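Questions regarding the structure given below will be posed in turn.
To keep things simple, chains are lettered A, B, C, D and E as they appear, and every chain counts its residues starting from 1.
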Amino acid sequence: MTQFVKGRGAKSGLPPGTLVHIGETTGRPVTIHVMDYDGEGCRETELQSVSQCIPYRDKESVTWINVDSVQQADIIQQMGECFGLHPLVMEDILNTSQRPKLEVYGDYLFIVMKMLHHNDRSEVRVEQISFILGPSHVLSFQEGIAGDVFDPLRQRLRAGKGRIRSAGADYLLYSLIDAVVDNYFVVLEHLGEEIEALEDEVVSRPTPHTVRRIHGMKRRMIFLRRVVWPLREVLAALQRGESELVQDATQVYLRDVYDHTIQAMDSIDTYRDMISGILDVYLSSLSNRMNEIMKFLTIIGTIFIPLTFIVGLYGMNFKYIPGLQSPWAFYGVVVFMAAIAGGMLVYFKRKRWL
Amino acid sequence: MTQFVKGRGAKSGLPPGTLVHIGETTGRPVTIHVMDYDGEGCRETELQSVSQCIPYRDKESVTWINVDSVQQADIIQQMGECFGLHPLVMEDILNTSQRPKLEVYGDYLFIVMKMLHHNDRSEVRVEQISFILGPSHVLSFQEGIAGDVFDPLRQRLRAGKGRIRSAGADYLLYSLIDAVVDNYFVVLEHLGEEIEALEDEVVSRPTPHTVRRIHGMKRRMIFLRRVVWPLREVLAALQRGESELVQDATQVYLRDVYDHTIQAMDSIDTYRDMISGILDVYLSSLSNRMNEIMKFLTIIGTIFIPLTFIVGLYGMNFKYIPGLQSPWAFYGVVVFMAAIAGGMLVYFKRKRWL
Amino acid sequence: MTQFVKGRGAKSGLPPGTLVHIGETTGRPVTIHVMDYDGEGCRETELQSVSQCIPYRDKESVTWINVDSVQQADIIQQMGECFGLHPLVMEDILNTSQRPKLEVYGDYLFIVMKMLHHNDRSEVRVEQISFILGPSHVLSFQEGIAGDVFDPLRQRLRAGKGRIRSAGADYLLYSLIDAVVDNYFVVLEHLGEEIEALEDEVVSRPTPHTVRRIHGMKRRMIFLRRVVWPLREVLAALQRGESELVQDATQVYLRDVYDHTIQAMDSIDTYRDMISGILDVYLSSLSNRMNEIMKFLTIIGTIFIPLTFIVGLYGMNFKYIPGLQSPWAFYGVVVFMAAIAGGMLVYFKRKRWL
Amino acid sequence: MTQFVKGRGAKSGLPPGTLVHIGETTGRPVTIHVMDYDGEGCRETELQSVSQCIPYRDKESVTWINVDSVQQADIIQQMGECFGLHPLVMEDILNTSQRPKLEVYGDYLFIVMKMLHHNDRSEVRVEQISFILGPSHVLSFQEGIAGDVFDPLRQRLRAGKGRIRSAGADYLLYSLIDAVVDNYFVVLEHLGEEIEALEDEVVSRPTPHTVRRIHGMKRRMIFLRRVVWPLREVLAALQRGESELVQDATQVYLRDVYDHTIQAMDSIDTYRDMISGILDVYLSSLSNRMNEIMKFLTIIGTIFIPLTFIVGLYGMNFKYIPGLQSPWAFYGVVVFMAAIAGGMLVYFKRKRWL
Amino acid sequence: MTQFVKGRGAKSGLPPGTLVHIGETTGRPVTIHVMDYDGEGCRETELQSVSQCIPYRDKESVTWINVDSVQQADIIQQMGECFGLHPLVMEDILNTSQRPKLEVYGDYLFIVMKMLHHNDRSEVRVEQISFILGPSHVLSFQEGIAGDVFDPLRQRLRAGKGRIRSAGADYLLYSLIDAVVDNYFVVLEHLGEEIEALEDEVVSRPTPHTVRRIHGMKRRMIFLRRVVWPLREVLAALQRGESELVQDATQVYLRDVYDHTIQAMDSIDTYRDMISGILDVYLSSLSNRMNEIMKFLTIIGTIFIPLTFIVGLYGMNFKYIPGLQSPWAFYGVVVFMAAIAGGMLVYFKRKRWL
């Protein structure tokens, strides 16, 4: 969770616009993947160097350039120079501790958002993804610490199904954002299942570790909230149509993906409420269980205490104790003590203490 | 509760506007019920195929087409094509995990809201209902997992009582919304009774399960809040009269149903406060009860502990213990111990520990 | 508390504008009391039938028609027809589960607010009161489940003291609202005394019922908040002077009563904070008391446990135990045990456990 | 704390504008103190009757008339008539349960605020102070239950130091408000010291009364918040310069005192957070301490329980118990028991229970 | 924490604009350091007296005058007179208990913010820093209780690297603010590490002091929030470009540093949530541990209580107790008791109490 600021302090003292990669480093090579399409067809290439981007800059067909892994500052620098990006934009692309935001520059939009991954060990990983929307191109920069969620979109582009091939770069941007947001629901579904499992665990077999698991889940929700909440503003700003780069026909689609983020927020809030409830039930059942045990033990002790007193009474060494000599006294005392114990049991039972 | 996102993740990767039913499937056949009326009369039909809708599209009389159960994507698709609906609208009708919303399209309004059912086992079921308001028709799409609440309205249409037969499609929409909101109060009344029962249970015969029942009720309130809260905005937007489809005369009625949703919100908030109070009283009475038991048992133990010491004292095997030989010593010791026990009881009584 | 929705569900399915009384029924006969005044004099009448209202409708003198108990739908209906009220207004007058609100109709204002009564058994009763402000008349409709707070105002009208007889209908409306709001402070003062009594009780003689009394008080505050809070908006809207029915000279008076509602809100919030504090002190002192008792008892037990061990030691039946034969051994052991007990007491004292 | 509404209910039923003093009565005589100054000099008088005010009404020099103790309704009435105040203003001056507010009347401003006093017994007393700002005069009305904070200001007026003698009535008003707000910091400093003392007490020597002292401090903070919070709005409104009575040159000074109220609010909020923290630490250390005691006692008990069993074992009256006849058996058993006790101590030590 | 108001009360009663240093006094001599630069070069001087500032006032090159330690009122006074600052601005520079704010005066801007230092003993120290932005100069006033964070900036100015030497005074101001905000992340990173250490401590080796350490950390977060939160508004106001002193080209840089403060706020909020979670886990694990100990001890006691009763039974002095004479009876009883103890252990094990 402290990843928010980890490494962030290292930039302190550097001039603004200094390009330094902040974030996890995987050492994976950088790939630049280009999809260039229009109504007629779709051309796919893997670029070897950034300079190959230049022809795509002013082409009329729509171009999507996807840079996987932003860990090499020089490549981002070259991309930025090629497409005329502001130094601060390049800095933000490299600094993966950004929060989701939209920035409007003269002839392009800059969008930062977060992509979620839910891996096999049911951890939620977060990866920053930045978009640049130009007049006829979309650049996407992935942090590259896990796979991406754009394969179905690539398939649609290749197949030319649906509206996408005939629409502009703004619709491509929408499709990319939609793919990221749709994936939030996949992650939320996984988390929902884990929460239900946690709920079962709390009721049937709580352990001392349960409280930490509950808090871990709570923290993940806080984290997701921080990822999704600012996205709402980003999409609302996009949808208000202040930029000429976004056409009117795309507004209704952006409203749709805006609705989805609201739904995701709703789910996260519901999950948080559920987790709070689970914690309350857990703490209450824990203290209930403990109380039951202590009560049971104390009742056993309380039943034997008077009996122990009675046997002590006849263990005194006085010469004259009534009944000491009687052959039946021992049995009498035992029966008497059984009666006391029975009476106490009945009393406790009636008071519903047992 | 996790139903919010259940199945929602399955859509991830599909192009926007893909028609997939998301929600519970009952397998009930789809029925298309038409009521067409004007000042003179009301004609009722059960349509066999969607194409039969076409004549109603541009008729001057008001037409209400009710589609029960939106579980077949193709029927929604045909309806949408017939009435010129946007693909995203059709997608939202099919996806029953929407939150209440109003969307204004050029010549029609799209409204999503939730219908509540309180069944015999005192569960609250939620069903999505979508409305399309056109110039002279209202389409309603029910999720169809329980009955609907429109029968009294149908009776009024048939009987021609009140303002409804002479008013336009916007008044019909209002009447449908009003029927749904009115039903919220029926559900809230049932829940109110359950809360009062819960309150009695907490005071008179709390069990370890009570805490879970309280949390279940709390969760239902959170859930209802999410259903009702966005509806407020929907109705406020409708009432602001931005669309020409809603006439001025209908505004005052919409303000009335808006007031009702505020009242429902108020009731829900009051219930939540009551439930919090019940939980506090429950926890406090539980710990109180436990404390009383432990105190009682500890006091019994504490009274016998010195007595047991005294009998032990005279059980020592020393040759010379004063009084061992005396014939009255035993009785003396017993009286002495009774005095100690009595003194302790009086002391505890005075300190109000008993 | 569930009175908010009680009976409200019964209206479900009825057409809007259906006149049904919702609320408590007392069976008291309906009285229609008229005070008609101008600069010269004040005429008071008790009307026998609604039709007698008609002459007052367009009179130039100011008329106050007070309907006590709105439990008969037909009388409200006739009043409404006589003064040209909207069906929804009549419906709202009859439905006593409204929240405070202001509605502006063309030539009249409709105001709903709540009147509080604090009866001898220190319960707070709520009664709905609705006002209609016309050009020269004010209609007031009381729920009629307790008395009203207008007697001082009636006296002033009769006596002709102050500004009231020379001012218009809007000033009369202000005076009525002011009387209702002033009475809130009477009720709040009573509750303040009860809260202080509760505070004393918590400190000096808490009982297991105290927690429920505290929660009862908390709930009453939540309830009062819901009564007063929306009134603030009503008065703010009135004071903004959007309607021509309210003259400029009356604005400053409305601002004054607006200030009073803010003060009432402040008091309610202060009371809520006090009650929370009382609850905390109660729970803390309860657990403190319990801990003190348990500590005391456990200390007694702990002092005797080693002593009981020692007497047991000399109660063993070994043939050779040092000292058994000595005539002073018994006294020696007793002194030794007294020393142990004393030492433990000193130790516990020093550690401040006693 | 209930002083908010105390006595307030007594006004219920009286016509608006009725002059009744609401608040604490001290019986001190009313003094009317006048300071009249311009660039040249400062004249100071103690007025014998209200009618002597009249000459100051339209004078060109700036006049400050300070009425100490507003407990006599007739004097306020005469002042009001002399300076043409609205009846509701006079009513508010007398009613000392007002919250801070600014009211703009045609040719004067009416301001209500609270003056704080921190007396020797470290109680915080609140006194209402009302200001009227006219074109060339400021009237100030003190509740008069403690001294005031204006002596340094009077000195400055007499000495003619600084800007004050050459500035207008609005600057005088600012100086008065500034004196009151500056004094808040004196009170807050005292409270800060008490909070730090409380913090020490909680850590070093908590007593059962501590919780009530903490809650008392918390309540004082809630109270201060209510005093300072509305003042913010008052000063913001003054500073917006809507009234011609406040000159542009004074705006920057009002912004300064506005900043001070924000600082005071910040301090109050910080104090509240500190008090919450203190309460948490207190409760946690209390339960910690109690747990330590109980644990220690229980461990002592647990060590002796098996030993007592063993001595009981050899106290049985069986004829044949191995070792009873052996001369070393007693010592053997004692050593064995010491070994058990030692073993248990080591075990508990290792488990960090001791 | 009470440093907010410490010493602040001392100003009560002084006229506004009185120059009094409020804050910690170190006795360090005041240094006035000047950096004057343009595209060509950078000249650095240490001034001996304030009067030497005058030539820099209207120079065309950009001048940065840094006053380290504002503890001498007369120097600030002379600076203020030299640059024509308002008396209230001088007062605010000296009063180091300001909250971050921006004030717009005719030809200069006044900004107050806080500089953080994280020293070796992992304390967070706060130092006030004030900026004056004139047409071609920036004055900075440091509280001077620790070092500053401007050395990298000074290096850049000397080296002439980046945009800074060619940009105006507004860019210099931005660079200074950016340096301060960047340093927040260094401090936050340190705190993040401490929070993680605290988390480990809670899980592995909690001590009674842990709760105070957690609360100390919580308080630091509240404190940081108060430092960072108002800065957001300051930067938002600067960025809105209302003053002509800030050029358009600098806006995008200010937006960047605004984003950084939002990120810092996010981190602080995340830390607060983490600390709350740590506290919950701590309290829960503490009570869990205590419960485990008490349960273990009580179980030991409960096992021995019936055994002690049995040995007491055979210790009674009745003449006829069955088995007393039998040579195997002792062994029989011991075996019987072992069976009871074993049975109880099995029972407790099965119930999962052990």
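The rule is short, and it goes like this: a residue touches a chain if its C-beta (ideal position, glycine included) is under 8 Å from a C-beta of that chain, and two chains touch if they have at least 3 such contacts.
Keep in mind that this is a model prediction, so the values were computed, not measured.
Novice: When chain B is withheld from the analysis and all other chains remain in place, what is the resulting partition into connected groups?
Specialist: Once chain B drops out of the picture, we keep one piece.
Novice: Count the residue numbers both chain D and chain E use at their shared interface, divide by all numbers used there, and answer same if that is over half, different if under half.
Specialist: The interface is built from different residue numbers on each side, given that under half of them are used by both copies.
Novice: Between chain B and chain E, what distance separates the C-alpha centroids? Give it in angstrom.
Specialist: Centre-to-centre distance between chain B and chain E: 43 Å.
Novice: How far is the middle of chain A from the middle of chain B, if each middle is the mean of its Cα atoms, in Å?
Specialist: Distance between chain centres, rounded to whole Å: 27 Å.
Novice: Among the residues of chain A, which ones contact at least 2 other chains?
Specialist: If we look for residues of chain A contacting two or more partner chains, we find 294, 298, 301, 305, 308, 312, 315-317, 321.
Novice: Taking touching chains as linked, do they make an open path (line), a single closed cycle (ring), a hub with spokes (star), an all-linked set (complete), or other?
Specialist: Graph shape, chains as nodes and touching pairs as edges: a ring.
Novice: Give every residue of chain D touching chain C within the complex, in rising order.
Specialist: Residues 1-2, 4-6, 8-9, 11-17, 86, 88, 91-92, 97-99, 101, 103, 208, 211-212, 215, 218-219, 222-223, 226, 279, 283, 286, 290, 293-294, 297-298, 300-301, 304-305, 307-308, 311-312, 314-317, 321, 323-327, 329-330, 333-334 of chain D touch chain C in their complex.
Novice: Would you mind writing out the residues of chain B in touch with chain C in their complex?
Specialist: Touch list, chain B to chain C: 149, 151-153, 156, 161-164, 174-175, 178-179, 182-183, 185-186, 188-189, 192-193, 195-196, 203, 252-253, 255-256, 259, 262-263, 266-267, 270-271, 273-274, 277, 280-281, 284-285, 288, 291, 294-295, 298-299, 301-302, 305-306, 308-309, 312-313, 315-322, 353.
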